[in-house]
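My questions all concern the structure below.
Chains: A, B, C and D, in written order; residue numbering restarts at 1 for each.
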């Protein structure tokens, strides 16, 4: 398949690149782990996200909420911020700020014993709301004392996670959530009015009703609300085999349509019109053991989403940066369909490069289509990302994209390609026998096979235009730059191949 | 061009892999530089050479030899080992030992003022031989005190550099060199008999006569001699333009024949038969500004040599590991035809991979030809290096090599390819405009384009044999491994592309 | 108080320095933590222990033991070594080997639900012993495959922890432990006869009977036994206040006498005479919240023990290297009476230096007393450690120790002092207000105040003897060296104060 | 000697702390050295200077200025910025900016062959001024292209070094210097008017006349001038023995008076009144082999100067940060009286701490005297530096300083002491025998003995005042802080010594 596009100076395209505002992470207690920190450092060195959001701030492995009995037998709360400080210190050292998710319930503060995940996050309402709001306030005040008020008030705060699922919030009790939300939001504003707080952090199940009712509740109760949050995933129900779940991709347009509805509901209220919506989780599959996550098709699918999600959302947080993650238990193998951009062993997966490429996509949009987005930077150079998304259910195809771009000087075309042949560590891992416990030499091999192929060539100018061609095999993702070249060879130097 | 080879268990091939015994370096004073140390660390991390040899141990920037006048006006020598210790400390920290080259002459100890190179190494005999031998002995005694006698006596010692050229030894005075050699060798053995000492460190000019006369001199004078040293380069006279020199490659066989003659002369003396010959310098071109060094053809040519040089030589020291080098002055650009395996900016050149690949070639040789050498490791796997050497004067060609190897289990073929398309940082540097002073982002791009392409595939066994095919474009170099695979998939895991 | 000692060449003293054979650690799952690894690296860089022993290898946070149901409903065990490899990789990278303690029981393999500690280690026997021995064997076989058989068979193995306490082993059931021991030891030897295995890992409660019965059991049942293990602590029962426990020190001699009895029991069996005894845990207090651990008196007390424990024990493992430790929950403050040699914030406590000093005590013992041990190294220099142990119940005192040592050349005396004034980070932390969450600047201050004071002076020789004086304030610990000086001043250099 | 001072809230003191604006360095070519960069990193990590100034930007080891002959025999200049970029990249990575000193003369551009120093800086005027200004402009333009215009125009530029000495400028030819200054300053402003340029960079010889004449020249010629530069040293003529020079300290007041005269001359011109004066070099001794530099007295003397120099100078650049320095040749020993704050082997000298202490002296000055300067920080705490300067020619003395400070809350007094007993690596080096080539263990010992002694104590409030006492032995330097303490002990925690 060959497609031709002509870019002209009159072209009118818009593109909002919020891809690096936030990234997801496994539960906060795992942020104490060395492997977690090493992977996060790797991600930050290459990509540099601004915020990080994950579960379990108040879960018991963080050890924040404690109780004891005083001499006369009263139960007294006390707070332990030893581990919280370790986590926050390490985040800030890596130049990433928390997007705080308030949850789950400390066991001693919980009204029940229902838990979620292998790591047993308690998902019941607090036994007393006063205990809960005191915990929230004490935590925020501690953070402000340690990191500075002016810094901490800029950390967005989200109340709970997916209360629309009974797995995450007892009975998916909507009124109970609204109560939690209102009391929590007010408690936060009591600490400092400048904090930004939002909800309802729902996923796609019964989402329309939840968003409507939540907005309406805020509207009527005057509960403070600074932004709306929700999640979005791109797959259907999984088929489970052994440790794994296999899923089909949804059409990207389906997912985008779902989000547009949320946008429309919010905008239907005058006082909330244009309010920020943060997609605090998104990915293709929503299970941490879906082989799709490790494949090249995932990279292309996410590129498709990143080209569009900024149209109506302030951020969209890929779930997650790395594979130190225990929701289903500890993975048995390095490639196991985990959410991470980086596999254990410090191996960037194809989707890692989707984000690394979008990092460099800054400038005026000159083209956007279903397989490409191109901007022109201030210095006149072009930067584009292109992909060839081929879902399992579709026939294989290669595509060739031709772009004619206005340009008056001799240029260089730089292309970085991520495809199933040149940048596919999963295949290498499979080909050498799917070792569960790779040696360090094997990990080095995986890393060597996980780097984009880089190529350059000089491009001829024809009538103040240049034409470039990008070949994309099945599920390929590519980044390109076209920039003017002003060669000044050293005295006597003659380049020859 | 397609070539077929069948490997059988009866095959008789020999292959001595001494590629990592020694590596060359610019003058020792440059070892004080941070960029030098960074490049050496990079080389050691990937390749790990055992020894390092370069000029200028006694040149004035090392500041070892000093003189002062005492109260009654006598000139007294004193020695300063401050910089020597810095250099040796850093070498040993990088797990590399010096192959000591004694030279050049400290200005204050010199009999004349003739110098060589931009950095002005004095190449005249000592004003007194007693001053010289005292300097040598004091230096060795200091090293033994600091690093331990048993360690230092294992550092090989070579007397001077290329005395057969008048540029390196005043008038190329053979008798004066023999005197220098004899007195120095005896002085060394006086310090400790266990030291190994050798010469005459000549290059290819009038080499037959020099080797004959030197061996004869040792034979007759009973001068101590533990090994023979000489140099070997693979190019003709250069044509000079501006900062550069352009050269044609010699036939590898020419160079190998030259070295065989040296071997034959040495072996013609009963007492010296089989004595170690160390090629203390070799490369394609012998000038530090020959663009050839940066090209892929260099990698293929050196592979050809490394497959054979061990037949009659104990070591062969590629000249040099890095491009911090000043013989012709300071380079104006990162790619400038320097000798280094690594270009400034920490960019591995194609030839870097030749050595990285030979590092892994350990085992029983099962095949050796003009474009390949293959060994079988103890675990039954095969490891090979193949190349497609196409000199400028020859027509372009691709070759396809088919090897049929005995093997009874399912296998994986791993190939790492270095060719003009996939691993050619010189081309990328040219394509983006030959920047003399690359930014750190440009250097990152060069490094990304300097990595071998890695691929794996499963290989089918047919009648206890497998057949693998390696495609080599012009001047390509490739490393491959064929190893048995015993796949144990995790419960439920189904690999799919 | 002043004490004089004359050392003569005829002096007969013995001293076995096994202080660095093993060090304790919190549960193995904490070895995944970054702060744990950072502290262990700090300890290894300064002290370098050979082995490390801690609880929780099989506890659920290590995630090794898993079960699933197959199609026909049978429960099948499967093993997950992902985290085990991370821990072992990191240990070996820090050049420390595990002293494997087999325990506690994975929840799914347990026969009951009794747990110990905040982190809930299950202390019940296995539901089936076959399940247990399969787990042990699978784990050892995995380790051998990853790290090499010849390496892993040298890792000592201890069966369970303190089965003589009902808190650690259900009902402190002696016969059940013997069964566990026998089956486990045999299962280990089935994997490889070269493994060394031992028990009963008891503490001081009813220890005489337990040791006797255990030895007797092995004697009669022919259960394999390569070494005996037990624990030793130097404090009485604690008084508890809030998060803390306060204890009095026992006389060191009491503790040593207790260990001598164990030695005597073992030696009373001909086949076990002289068998290695490993004290797999020792410290002053046995609770992780005893302020004693952070004080200077602890350093002096441990020095006293290290001077003697090697007399009848192959090793004695200080419990523990660092303060990432959760037995009583997560500590609320950096100084909290934790076991660690290093406090959170990377602050070496006084006892850290006890081990750092014993590291350098290699040579022939020339003096040992209740406050000193001195050796002469091969080069003739002396190295000593001295202390002034003043328990809370004793009157304060300073002591001055004079040693007259045979020496014929001018000497230098080097002293490193750790006392309550010069090396007492606990006091600095207290003086600045006992901050629970120190800033990085405060941690830097604590570290600066946690370094020994270093002093040197020239010592005069009088009749082939020198006399040195070491002043020790209350609970001071000092290391000294006396070594010959051969001053060679640089030309013209005149030292002046 | 005891001195009492009462601080009141009404006290009027001024203190300008410009101690960290600039630091000196050996010639720029040495900035390529690893040891140089390691030392600079150490200094920046602790102290963090803003600018760095040294000689030799245009000297031949930087290799910037080159010439060649074209086809018709004309000599053409070309510039090589390879090494300059390495140096500037490394400076900026260490967050330090150059204070550019333009000099010395490249050999090929020089009008004569007179040189200065062991490293042979050419000190003659250019053979053509056009060649010189082209070199200056090309260099600045290159820097602007690489590091950004807006960045580089903030790098101050000084023309030449000490032209009032014939050693540094042929014949100390004043008119020739004025010509150089004027043409250079104009050439700089031609590149970008925003550059700040200054001179005459003189030392104390005939300084009054030089300053007057220079100012007058600028006044009359309208030569651009943005600041005045000069040097200041605190010692008399040296007595030379072997490799060393021994000197007596001048009274600090002498030196300060000298600088006041310069200030007065500048201020006597209306258009120059209040113009910045940069002391681009200062120290006690002006020779790089004066043992004084390594002693504690140097630290006290420099503290005395830093307390006052900001009164009339915009900066004062200590000469130099480290001991990688070759003006007199390469040092034979680690302690050799070099200028550096850090001795080779990464050993901070006492004067290192003078700067580390002044770094923290920010706030409102509440006391300044001949032995102390104290500020009150915004949070109400006090920070002071005190010293006890005892020159060789004076009798020994200890002093005790008592300060009564207004304060209403319980306080902690923190003191960091640097004196001849507790922080004197020179003495330790001497005591162990003055080793010329220390082992790494010896260097570790020197570093351990080069750290300030840290102590804390609680201070009692009496009538809203506290009184603190600082004891200073001979040549001691101390930093103290007095800050309020608000102790919140953990539940149950009872601090005991």
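Going forward, a contact is a pair of C-beta atoms (placed from the backbone, for glycine too) under 8 Å apart; a residue touches a chain by one contact, two chains touch by 3 or more.
No experiment lies behind these values; they were computed from the predicted model shown.
The greater number of contacting C-beta pairs, out of the two interfaces B-C and B-D, is seen for B-D.
Rotation angle for the C-alpha superposition of chain A on chain B: 180 degrees, rounded in steps of 5. For this pair, chain C with chain D, the centres built from the Cα atoms lie 48 Å apart.
One simple way to say how far apart two chains are is to compare their mean CA positions; for chain B and chain D this gives 45 Å. Multi-chain contact residues, meaning those touching two or more other chains, occur in chain B at positions 68, 78, 242, 332-333, 436, 491.
Taken as a graph of touching chains, this assembly is complete, with every chain in contact with every other. Residues of chain A touching chain C in their complex: 32-37, 63, 66, 68, 78, 80-83, 85-86, 89-90, 142, 146, 242, 329-333, 344, 436-437, 439. Chain contact summary for the complex, chain D toward chain C: residues 240-244, 246, 291, 295, 332-333, 336, 392, 412, 414, 416, 420-422, 426-428, 430-434, 436, 445, 448-449, 451-458, 483, 485-497. Residues 68, 78, 491 of chain A are the ones that touch chain D when the two sit in their complex.
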